[in-house]
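When the chains are written out, they are named A, B, C and D in that same order, and each has its own residue count from 1.
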Amino acid sequence: MAEPAHLTPLAERYRQVRAATEALAEGLSDEDCALQSMPEASPVKWHLAHTTWFFETFVLLDGLAPSGYRAFDDAFRVLFNSYYQGVGERHPRAERGLISRPSRGEVMRYRRQVDEAVLATLAHAPSGGDGDPLAQTLRTRLELGLQHEQQHQELLLTDLKHLLSCNPARPAYRQATRPKRPAVPGGEPWRFHPGGLCSVGRPAEGAGFVFDNETPQHRVWLEPFEIATEPVTQAQWMAFIADGGYRRPELWLSDGWDEVQRSGWEAPGYWQPAQPGRPAASCTELSAWRVFTLHGDIEPHPQDPVCHLSFFEAEAFARWAGARLPTEAEWERVALDSSVPLGSPAAQYADGPWLQPLAPRTPVADGSVWCWTRSNYGPYPGFRPVPGALGEYNGKFMNGQYVLRGGSCATPRGHVRASYRNFFAPQARWQFTGLRLARGAAASP
Amino acid sequence: MAEPAHLTPLAERYRQVRAATEALAEGLSDEDCALQSMPEASPVKWHLAHTTWFFETFVLLDGLAPSGYRAFDDAFRVLFNSYYQGVGERHPRAERGLISRPSRGEVMRYRRQVDEAVLATLAHAPSGGDGDPLAQTLRTRLELGLQHEQQHQELLLTDLKHLLSCNPARPAYRQATRPKRPAVPGGEPWRFHPGGLCSVGRPAEGAGFVFDNETPQHRVWLEPFEIATEPVTQAQWMAFIADGGYRRPELWLSDGWDEVQRSGWEAPGYWQPAQPGRPAASCTELSAWRVFTLHGDIEPHPQDPVCHLSFFEAEAFARWAGARLPTEAEWERVALDSSVPLGSPAAQYADGPWLQPLAPRTPVADGSVWCWTRSNYGPYPGFRPVPGALGEYNGKFMNGQYVLRGGSCATPRGHVRASYRNFFAPQARWQFTGLRLARGAAASP
Amino acid sequence: MAEPAHLTPLAERYRQVRAATEALAEGLSDEDCALQSMPEASPVKWHLAHTTWFFETFVLLDGLAPSGYRAFDDAFRVLFNSYYQGVGERHPRAERGLISRPSRGEVMRYRRQVDEAVLATLAHAPSGGDGDPLAQTLRTRLELGLQHEQQHQELLLTDLKHLLSCNPARPAYRQATRPKRPAVPGGEPWRFHPGGLCSVGRPAEGAGFVFDNETPQHRVWLEPFEIATEPVTQAQWMAFIADGGYRRPELWLSDGWDEVQRSGWEAPGYWQPAQPGRPAASCTELSAWRVFTLHGDIEPHPQDPVCHLSFFEAEAFARWAGARLPTEAEWERVALDSSVPLGSPAAQYADGPWLQPLAPRTPVADGSVWCWTRSNYGPYPGFRPVPGALGEYNGKFMNGQYVLRGGSCATPRGHVRASYRNFFAPQARWQFTGLRLARGAAASP
Amino acid sequence: MAEPAHLTPLAERYRQVRAATEALAEGLSDEDCALQSMPEASPVKWHLAHTTWFFETFVLLDGLAPSGYRAFDDAFRVLFNSYYQGVGERHPRAERGLISRPSRGEVMRYRRQVDEAVLATLAHAPSGGDGDPLAQTLRTRLELGLQHEQQHQELLLTDLKHLLSCNPARPAYRQATRPKRPAVPGGEPWRFHPGGLCSVGRPAEGAGFVFDNETPQHRVWLEPFEIATEPVTQAQWMAFIADGGYRRPELWLSDGWDEVQRSGWEAPGYWQPAQPGRPAASCTELSAWRVFTLHGDIEPHPQDPVCHLSFFEAEAFARWAGARLPTEAEWERVALDSSVPLGSPAAQYADGPWLQPLAPRTPVADGSVWCWTRSNYGPYPGFRPVPGALGEYNGKFMNGQYVLRGGSCATPRGHVRASYRNFFAPQARWQFTGLRLARGAAASP
């Protein structure tokens, strides 16, 4: 039995997104999928289960399934609840790697049951079209679940990368060779924006899916500014290192400098001296380093964007370079006002063969690394979380984090938009995070 | 020998501010002045010395003393350097309470030597007026040092309050009786502001002293809003407690809720059950509590502003009340656009007899408590720290903190202005911190 | 090609011990074998690999293999080195659970290669008998490796039990039913020993395998004493709980009481209220508890020995009972001087179907739980560790731990002897640890 | 009114011991007396108060004062209770340095009141002599209080030394010059003891004061051994450092090596390179070091005993030297069987002008440093703590510590005896702790 025609595209999209998650885990052993390398990262198996829990909880068990759906396993309601206090108890985040059972096979059976029930729900949905309130809620929840699953596709890759990096053998997730890139003709390094009273954010309804944290659309006054057309490269970062960037407190925020000392940072995440045991301080050329990637250790490439940077490092680099980080509003207006729309099909995405940032082919837009902004992650004026437990999705994290914009080589295709607000703590380095510089400008270029 | 006439007011002000600091320490024992109760707080003796170090470092030893000034003690250059990496080594902050020597008497001799040298410097300053660059720098540095000392006057009181609160005897800093206040006629609870393109911040020069973090003056777009005319009272806070405010995660930011659990918060800072050992959860009326003050334990007063709140508590209360915290720009515009200017002589200040917040006599303005805003402490557009080590004064702390506006009952008279940006971490509770509610509004009231 | 006849029993024993380890891991998933639940515990896979590393390192790569043996994988030299500084680098203990690769299959291949090489080494060993020094060393190292592997068989079970206990589903390692036991006729509760100048410990050579920490044999003066014929039972422990044992500081060593507070102990390890959420303090009858075992949650049994006790708990119980813990010398003499030798075939061992302590069938001897003694783990008079890296096996841990004597239901058959010194930190609870009481006595019973 | 004649010596001794404590604090500022430098150390003011609390609690308020003695201040019952759970609540140990009030002056008034009441109690004591049970208890409690106060005299000095060492100015407690010592004629380095069945410990009654942990007297079997006639010197320790002693894990217990890494030990406590900033590893001669003492920084002296060693360091040195630490029984028998009794008037004591260990003038006996033994601090066979709260004095600490024997340059005169058991954790270094080597021997020398 098929879903009503107007829901067919959604069912198709559901099948495709769910399959994409599973494709990422193919080729991994059960052991690869079960381990947790730090409290902030989760096992692959947990991602497979939690995304399923999301559909079970907010679609099937929330009154949208046609007949009495029974939970696959009541224990899963707790085990795979990430942080929704409104739903009930949660297994502690730092202990996700202590759960050998359910096995991966059992989690895959969980996925199958939920998939069947979701698709059956779609098949039984009112055929009256979007006007039906229940159909509308179903559509909204499913779309939220799919966006949520896409977010976890990226996390699955970054969490796995962290796990593999803890293994002294530095194993590859997947064998691959870095694609050859034609040299990009050197263009203007800076792009001017006149600022003014600008609209940023998106209305909650009517123009495609958005998370509640992207709403409401509102006005912001911007002074004229310039933004770099390219993300900062590994060669540029090497110059920062060689100039003592990690040893000069005057370049850093106070908390950043403390973190440099505490964590012993001397280079971006996943960089280490090519020669084991060689002091980082003596590695003043790019060739002295190796970079761990999902394809194992590789040589640095001067033109590739630098990534696995904390906010603190990005901010210090900008100061060293005589520039600053853009605000999220600046970044969004540049993305909106560019002739090349964000999300070009030619950009890197998680479905590609090479899961390490390459220099973007199109200026300004897609950068293959998330770009740190100088904006704290907070509520837009007039922000209201969605009601109920789903209101915990975004709003309660609006403290102590910074907004990142754009997308990365590990972001799923189709999951990129100008208003998208990613956010992480200023010391986090395990995402594909880089930066693009900005600076103030005179009123006309 | 007296200073040139145009510098006489500055010399006078120097004498008065320095004396005010010392007056705060009068009546304290050497032991009271030597102890440190937590890493964030400093001993009174350290405040007395560090403010002196500031003048010695940035005036006397920075080329502004007329002849070769010799440092009082080279060891003090390190001991009393708070956080200026550009000046040199620093004694660890958390170990300020391990220094029994120099004695308080020695620190007072340090103050005398520096005072004499500063006043002699003023006396030898060029008589040519402000146009002379050296005189201009001298004036700027002295004014900065005095503003700095006034900040430490407030910290001296709040740090001492924390120390005394650690003593099970809960001793008073100073004996005093709460002033009787005439009942304030109930006015409008909310005041409307139309928003629009507003100017906030201050130019670096030309209109009196400002810290660099208040600059540059810039434009911000504000939507129409309302702000409460009074700070939140103890009676209102009691209602929050009684309604389970500290036990309902849905009211809190995620980090805030974690902090509630970790720190076991059940009430504002310095509140404890009047009856020892009684569970806080059963104290559902204001009379069941006692409040520790610089005058010892007192009974709560329903109309007094609640204080010693963390940002997390203020933010949760606002959500519970169906409102929100103001942004710092909103707060500043309200202060500027009010008919009653901020800083009225009738407000409470650190020179008063009663060092605990009372209900303000004038609506909107001076609230006797610092008000948390929803604004992260960050750089204004175009912000540039002052050059050299003094650039570390404000800029490097622009991470992980929130802006507070206004002033408190422990703020020195004259140290209050609309553009002033105080800032603390979201979990900090040992300052006189409260809140005033805000909410969005239709375009006209 | 077979080993010389005099080595055949050793080869046979080698095959049997190695197979017994693998048998313990049968039925476990790869995920069960890969996780680490706390720094003190290791993954099953690590146990499988480390015991193999031991033979590879101290037999095959230490000059005993007939021709040039090549290490299976150089990385394993580091990954599976537990704590031998003399051998080289070691993967951090707390990060054994971060290694998804080598896979369990690869570890099994490692076992196969080493097994073949060890057996080939035996086959090529000099046929001249034990007199040959190389044959003697080979025999000694192999026997040490087998005793080592038997120790890890017990750890494999206790570490796995801890891991499974972290899973809220409380899964069973193996389905089994508690054996019915005939009631033991009540005998004398105490057995007298006259003390005197006693020999304890064992000579390093000549009387079967001993670890270096059991040597040298030496004299100890003992006063007359009595020892309980049975280990403390669950019913007795319940009386301790019901009498406020966990809430009365006067019963505890100071460090023990601190640990009770810090860890929130209210009952032995793996006990929890049968009714979820019920306060432990109200569970004053044995039936109110459930006990987690390798066979899942079970009901307590009054006559079964209590286990998963820390030294602190055992010591406090003894004080509460008006008795004390025995010293290790007392325990050893009782075991030696008893008419029933330790290690009876009827006792519980790791090859049995039921891996939870049962009341012993023979008084005094085998107790199915390790018994804490009041003796710190230290060097016997004249103790010398074996030379080289193997000297790190025991000697360097002679600090901060207490000696346990006997053996448990998870100890391999044949791995029990009167002089055996097991040792753990006083707060450790994840081994099968219980106690037997002792007390001073008049010179004749 | 004077005490009965038979109590006069006790009254006199009371006055003298109490005065000696106060003499140690003379010349210190109130600030010196108020600070606490680490949780294990207490402020001088706290020592002054706690020793007084001991008399108030266990003499005056425990039924021994003639009429109704009223506590000086009820709050002091909690503030100055160290660890007696049986007495009631205790102010947290780590927060003793947060108490600026009571002032030192108030504490001195507390001492005066208690002194008067104690002496009045003595004056009213039954004149019937020791046979009277109340007089007997009074005498016992007073003697315990005086022994207790003498222990705190030593702690007062070592705690103060630690505090002063935290001050970058490294101030002196008291100005003094190291006494010149005549060269000691080189004697036999080792002294032989035949061992055998030896008596150690002391009976609880009948032969002068002993702590309960020194009882009961009991028999121990000792094998023949030798003990060094002198404590290890600074010159010998320098050889250990120069031979890589702090960088060779094979010399250390596992926990000791961990502590070396964690704490960054490169030399004994209070040693630092004479040239600031010079790496310790390059300081391979004694002259390259400076040693902090109660008389400020001084040069090392090759013949002086090394001190401020942890057990871990002492134990590692013994291994490096091919020897071992003595057991406490060995040490006690050597002290008892020596022709020169322990506690000679010519030895160093806390009443001397020089508070840093010097080479002893008499072989074997008084060493001016406490000597670590290889013996864990535990109960002697048949040990019973005294009844009531005083039973917490010693017994509950019998875990995780090692016994030290002898006495130090900071021990009060008269507080040294062969059976005395001092005890500290193996990582503690702030006492005057050194070592003397031992080794096994043939049956006759």
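Please note the rule applied: a contact is a pair of C-beta atoms (placed from the backbone, for glycine too) under 8 Å apart; a residue touches a chain by one contact, two chains touch by 3 or more.
All values reported here derive from a predicted model rather than from experimental measurement.
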item: Separation of chain C from chain B in steps, with touching chains one step apart; value: 2
item: Co-neighbours of chain D and chain C - touch as defined; value: none
item: Mean-CA-position distance for chain D and chain B (Å); value: 47
item: Separation of mean Cα positions, chain B and chain A [Å, integer]; value: 39
item: Approximate Å spacing (C-alpha centroids) for the pair chain A, chain D; value: 60
item: Shared interface positions of chain A, touching two or more other chains; value: none
item: Contacting chain pairs - touch in the sense defined above; value: A-B, A-C, B-D, C-D
item: Chain B partner contacts - residues on chain A that touch it in the complex; value: 83, 85-86, 197, 218-221, 223, 249-250, 252-257, 312, 324, 327, 374, 376, 378-379, 381-382, 392, 396-400, 426, 440
item: Touching residues (chain side chain D, partner chain B) in the complex; value: 29-35, 37, 45, 75, 78-79, 91, 95, 97-101, 103-104, 163-164, 166-169, 171
